[in-house]
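Each of the two complexes below includes chain A, the first together with chain B, the second together with chain C.
Now for the complex of A and B:
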């Protein structure tokens, strides 16, 4: 019988996500970014996260990709020019490389963030506290993590409710459509504020922040495998930075 | 009596186990129907299937003889008004008056006509006192009525209300039942998705009970 898969400790996941996404933001070289993407995909495969989940996320962001690619292409004229309108360079080799780097960067971040799904939000909070993050701050992170999908759901519901009012969004002029989006934001923002107020009251009622320390039901210990992964990610990040910035300086 | 909504052997599952299995029935345009059942029995799911918000895994839901999925969502909204369990999800404007005229304005209706319709709805649903009020500051009962008024302003043929009595005390339930009586007087049918048997018995002529994925017609 095969041994049941046990995901790495929250601290390891936080470290992995932090180091890979930080490098994705800091590095601009396309080959380094490709390498980071490969490492991120290997991390997903090793933790048995389906790559289809990443593909679905990427599909959702396809317009953002396109818009960013166009902006990058326009703001980085240089190298070989492929398309020009008067004096303005529309598509050039430098612009295309900049667009590809942005796309790689977003893909890496979307991929590594999936690692957080291996642990529930409470375990991630404990992980942050074990990393010496003050617990009120860790809880703030937990609430933000909880709020993101809820906000997305509220936005989808508002879009549906708008259409159920007999409004065909595709049929209305662009200016009116922008005004309509401000209307959509009202239930989403108001809902978020109401929810935040309720959560704050509920947490105060449970003596949140009444004491500087608190006890935790689960206080996991790092396994030898976790230590190896943690050490590996710190060392890997340090080595990558030395080579990347060292190479640039040389 | 003409059939407005028809469910033909409808099945639906969120995961591997089905929530709704082979459910068939029809609703006439001015039917007053209670859809009842335990928590998780599939009442709200059934309501969403009527609106085409969910797609059946088997079977078909017909709206005026045509598959509901073939109607654009905005047209479904004109045919069937839907009041969510949480009315706050359907409030988009900074005043109750604007809220009622919201859908009509975006559909390009003449301003005077919109104002007339808004006045009628405020009168019908006894919301004149809060015409200029911010909808989120209204009481739960007023929010319910405001959403119902906004939905009714579109003059739909049918209205679905999901758990309309949640959070309402006896007096506010009484007010809501009076409002629904007025909806019925306009010849508009409705489905009440509810746990509240007493409330439904007073307002509905038909009772559909969801249990174990099935939907049976019963008497009150």
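Now for the complex of A and C:
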């Protein structure tokens, strides 16, 4: 019989996500970024997170990838030129490498953030508090995590309500559709702010921030496995930074 | 008679130089007593609840005159912790009260903020969930349960703080008949236990257990009728 999988402690996940995404932002070398991507994918596989979830996320960002690749290609005109228009270099080897490194960075960040799905938002709040983050700030993070999808849902609902009134969105010209989106956005954001205020009132009514400290029903302890992972991620990040910034770039 | 909640000559407007939403509102509530407030939508019932709970003006600003005393002390001079440990308020919309991943966290949230001991929190969570018949929902997400169950969970999250005074702002407005009956039964039990309750409702049928019912209209609160005691 296989042993039930127990995800690592929230603090381990926060540390892993923070260190991998920080290195993804700081490092520019394409081989190092490829290595970080490999580590991120291994982390997903080890924690039994389906890689399809990452693929679905990447699909959603495909236009962003394309736009960033074009911008990077235009702003890094060095190396071998592949495509030129007059004096302007459109595609060059340096530009392509810069575009690939940006894509790798985004992929790494999207991959490691999936690790957070192993714990619920309350467990992540407890993890942040255990890492000495003030609890009101940790709850603020939780509410932000909760509000981003709610905002998306509200926007979709507003669009659906418009379509139910007989408006065919596909038949609307692009410019008019853009104006419609901007018109919807304002009431949706205003609605979200009103809801956020109501939640804040309900939280205050239940003594939120009444004291600078609070007790916690669940206060998990790190297991030996968590300590190994935590130590490994700190040591791995330190070693990678020493090698990278110490001039020992692969 | 010693009152647990007293309001004296309350008047409120959202901004200066605006007409008052209500004025000259006075009421007293003793332990184990239940008071109903009814009136048309938008007459200021919910705002009165916010004033009675100290949320106005402590958390939401406005022009409030008069005084509210909780257990003999002016509520404006009490700390948020002191108010929250004695007085609980359940709002109309459970969606804006339940924001944590599972119901168990919701029930623990209030006692945790009041720095209640961990074992005591666990005991209160189990006890409140059992009393309100939602033990089977403790591991459920608020979004996974029905509106009626959400409302009971919102009530449970306040009751876990063991308040002596309970303000219920149209808590049955979104519920079906069966869930309404369930809430009524819970309220009747709380009253028996000595909890003082203010129940705001636009539906008179929900005020059957009230000792006194007041009607709010044109900014005035007036005694309406004697309900069954």
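Keep in mind that, in the parts below, the second predicted complex is superposed on the first by the 231 of 250 C-alpha atoms of A that agree within 3 Å, B and C clash if a C-alpha of one lies under 4 Å from a C-alpha of the other, contacts with A are read in each partner's own complex, and residues count from 1 in each chain.
The rule is simple: contacts are C-beta pairs under 8 Å (C-beta built on N, C-alpha and C of every residue); 3 or more make two chains touch, one makes a residue touch a chain.
No experiment lies behind these values; they were computed from the predicted model shown.
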Who does A:189 touch here: chain B (first), chain C (second), both, or neither? neither
Tell me which partner A:167 touches in the superposition: chain B (first), chain C (second), both or neither. first
For A:158 in the superposed arrangement: first (chain B), second (chain C), both or neither? first
If you stack the two complexes on chain A, which partner ends up touching A:22: first (chain B), second (chain C), both, or neither? neither
After lining up the shared chain so the two structures overlap, which partner does A:46 touch, if you call chain B first and chain C second: first, second, both or neither? neither
Now for A:38: first (chain B), second (chain C), both, or neither, which partner does it touch? neither
Where does A:180 make contact in the superposed view: on chain B (first), on chain C (second), on both, or on neither? first
Going through chain A, the residues touched by chain B and also by chain C turn out to be none
Touching chain B in the complex: which residues of chain A? 154, 157-158, 160-169, 171-172, 176, 180, 183-184, 186-187, 190-191, 194
In their shared complex, chain A is touched by residues of chain B numbered 51, 53, 72-78, 81-82, 84, 88-94, 102-104, 106-107, 136, 150-151, 154
The answer for chain C against chain A in the complex is residues 53, 55, 58-60, 79-81, 84-85, 88-89, 91, 93, 95-97, 99-102, 104-105, 108-118, 121-122, 125, 157-158, 161
Which of the residues in chain A come into contact with chain C in the complex? 120-122, 142-143, 146, 195, 198-211, 213-217, 219
